[in-house]
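You will see chain A twice below: alongside chain B first, and alongside chain C after that.
Right, the complex of A and B next:
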């Protein structure tokens, strides 16, 4: 089922939770709504569910406006963060509940419950109550209950956030596989970028009620349209440094009192939008920085702290009043207080407007 | 594994304290019981001359002095009818009202919440005359239904507040899940939410039944026909004007009056204790 949100607004009192949201989710697509808490992603999900009614705008399922369709008539499966299993019913009764409401024959209900329980490997739990099974098992039951009625749309509200780390990673893969198998359109809310990046076809990234961008994980990572996306996607996050913008001939020079970076011609061409001496934000990811010998076009700084990440080391370097993070190999041997030269992979820099935070290259 | 525990001194102290506190109550019941099965009492509570004569109201007509009393069974039925109707109405209405006040937004909700409780602040006696006029006007005077209406109206605010508190505890997500599964609002209410507030329903039912069963002042004031008497009124009449007071009979009738209360409490108290947790992981 294709889902379209058109100019959707939701307010709570004076607070605008979702501001003029336009979003199209294709049939069979797995879309993540990603953003910090309070960004409006759960509100958006609840509007799709029909539990909240938009104040203005339209929600369409397969070209039909559903603003006034009750949740029970939308044929949506939903899995909540708390799982929301019915504590007074056994696992079996929980899963059978949506089918009973559809007044399916008893035999068929039994068959379907068995089938889906098999798929989620919870057959042995059917007679137990939700309070008697573990969090991971509760989650499977909640998913089974959401999917047993073969919904047209599956909504997942932070379904993994209550699981422990290893279970979370295995469930990610399972949910993704299941979604592809069933080909069911799925919207998934999360504040965890790793989850969004690993599971979804496309990510809609939201902040303060506004959709920042929607795109494939690669898109958002490689071509962030603004500083918010650049800073939110990627771990460790992108470094930002405020610099002066100068054009000399066909080259751009980024300058501040402690360093000066000259961009080669082919890279400069992307950014020739600004006037001399304007302030811009230089963004570069830790993995595109390295520590090396003294050379021109590098940033000098003092090591503030070295963090061990297992596979790599993350080096905090103090540059003036700013601190930037550099990802280095395990063999890096610098110590706190050492002076180092940070090299930039200039092909992977981003420049943002200091006023509105939009990318000077990718912003529409 | 269960181990035999030796009681700690603090535990013993607690038991002693509880025993001391409950002693007067236990003593009073014992006195009532002994008095009801004997001609006389020795040393306060020891029965002397066991007899069932005091319980004769169960199978025969009783007369005290010149006054002939009604058969107790229709009166018991009246009391059950009164307490039962009050319980039923109070539970039903408070479940609906409590849900609305807990879950729905409508203009005047705050006002209703604040003012309903004021009704509870009135002593019932203060309303007697006004209520008499109202009942008389709507033709409910001298009828059990009239007393039921008054009692329910006066008890409802408290019951609704109690039930609202129980509804407040139910997370929205459970209710939402019910809607997503295909429930209408009414279905979600009785299939998903009510089963989870059983302890609250039991609590309200107990209070309503006890209040109805022990209801005296309105029954005494608004009911004149002896066929509509309730047990509380009957007991009052037994005492009469104290000239011919039969203590043995009064003790037996008093005990009889208490039986349903104790039975009802024992039954519903169990469901008060069984609160089922789980399903929600926060």
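Right, the complex of A and C next:
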């Protein structure tokens, strides 16, 4: 089922929780709604479910406006962060509940519950109560309950955030695989960018009630449209440094009192429209920085701290009053207080307008 | 050898445990002390005095003349007792239904159907008013409302609207009046307790049920009532016990009349003692009632489990329930 949100607004009193949201989710697509806590993700999901009514704008399911359609008539499967499994019902009764409400014949309910329980490997838990099974098992039961009625749209609100780290990673793959198998259009809410990157076909990234961008994980990672997206997606997050912007001939020179970077011609071409001596924000990810010999076009700094990440080391380098993070190999041997030269992979820099935070590449 | 060691160890730990228990009790004494004192002063002392009094033939002369179990024998042969017992059962049963049932309906109405916080508060406050009114005033309101003359509020209301002739409501339906007056007061307590319980149900349960297609009625049936199982149980026990022993509204509204038609057990005892000045006999009637109340309390605590009632009074206790069942399963296995 295709889902379209058109200029959707939701207010609570004076507070605008979702601001003019425009979003199209294609049939069978797995879309993540990503953003920090309080940005309006759950509110958006509840509007899709019909539990909240938009204050203005339209929600369409397959070209049909559903603003006034009740939740029960939308054929939606929903899975909550708290799972919301009824503690007084067994696992079996929980999964059967949506079918029971639909007044399906007992035999058919039994068959469908068995079938979905098999898919989630929870057949042996059917007679137990939610309080008697582990968090991971509860999660599967909640998913089974959401899917048993074969919904047209699956809504998942931070379904993995109550699981421990290893279980969360294995469930990511499982949910994604299942979604592809069943081909159900799915909206998945999360504040964890790694989850969104690893699971979704496309990510809709939100901040303060506004949609920032929607795109494939690669798109958002490689070509962030603004500083919020650049900083939110990717871990460790992108470094930002304020620099002066000078055009000399066909080259751009980024300059501040402690370093100077000249961008080669082909990269400069992306950003040429700016005037001389404006302040801009240079963004570059830790994985596109390295520590090397003294050379022109590098940034000098002092090691502030070295973090061990297992496979890699994350080196915190002090540059003037700023600190930037550099991802290095395990063999890096610098220590706190050492002076180092940070090399930039100039193909992977981003320049943002210092005023509105928008990427200068996109503004052009 | 090893076993011996273990036994010694166990002995030591159990001794330690009992020492620990004593220390804990002594530590808690400053906190429990005032309550223990109050319970002794206002419960144990009167009960003991009543018991002693019930063994005497004390009358308006206030003489302690011991007559053994004579008062009790008289009670079981008294021809008026049958009516009183029947009245008491009727009174407790029907008042309880209003207390718990109507309280539950009010709670659903004010916490589930009314979404506006201010309106909800207004409604709940209105229902709380009788409880905030002194019993004498509340009883007077009823007397005034049901006044048998044509100027009586209900009479003039029915007369003007439907042309129904004035009637003496209290004289004609003493039991019903008493039950309704008492029930409405008790319902406000039920409303408050159940409302709090309904509001403590996490909103996700309602959302999940809504998305899965549950109607309001189905949400009440499958979500709210199961979550309120323990508060309902608790209210039932609590109200049963307090209804058995309460008589102040009946005393004020009908005084047990007419002709004992609304006389209940506790009021019977009061009348014997303070109207007939048969203190010894009144005390015996009370003692039998105390005994019955204690038996009911013990029975209910046994049936529902003392722990369960104490622990499961809240919604969160639901998890404990599942846990308990797993324990039972382990034992069975």
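Annotations
The working rule: the second predicted complex is superposed on the first by the 362 of 364 C-alpha atoms of A that agree within 3 Å, B and C clash if a C-alpha of one lies under 4 Å from a C-alpha of the other, contacts with A are read in each partner's own complex, and residues count from 1 in each chain.
FYI, a residue touches a chain if its C-beta (ideal position, glycine included) is under 8 Å from a C-beta of that chain, and two chains touch if they have at least 3 such contacts.
Note that the coordinates shown come from a computational prediction; the quantities given were computed from them, not determined experimentally.
With chain A as the common reference, the superposed partners chain B and chain C clash.
Contacts of A:51 after superposition: both chain B and chain C are touched.
Touch criterion not met for A:243: it reaches neither chain B nor chain C.
Once the two complexes are overlaid on the shared chain, A:84 sits against chain B and chain C alike. In the superposition on chain A, contact of A:144 is made with neither chain B nor chain C. In the superposition on chain A, A:76 makes contact with both chain B and chain C. Shared-chain residue A:233: touches no atom of chain B or chain C.
Contacts of A:135 after superposition on the shared chain: chain B is touched, whereas chain C is not. Across the two superposed structures, the residue set of chain A contacted by chain B and also by chain C is 46, 49-51, 71-72, 76-78, 80-82, 84, 86-88, 97-98, 101-102, 129-132, 145, 149. Of all the residues in chain B, the ones that touch chain A in their complex are 171, 173-174, 176-184, 187, 192, 195-196, 276-282.
By the touch criterion stated above, chain A contacts chain C in their complex at residues 46, 49-51, 71-72, 74, 76-78, 80-82, 84, 86-89, 97-98, 101-102, 128-132, 145, 149.
Every residue of chain C that touches chain A in the complex is listed here, in rising order: 202, 204-205, 207-215, 218, 222-223, 226-227, 229, 318-323, 325-326.
On the side of chain A, the complex with chain B involves touching residues 46, 49-51, 70-72, 76-78, 80-88, 97-98, 101-102, 129-132, 135, 138, 145-146, 149, 162.
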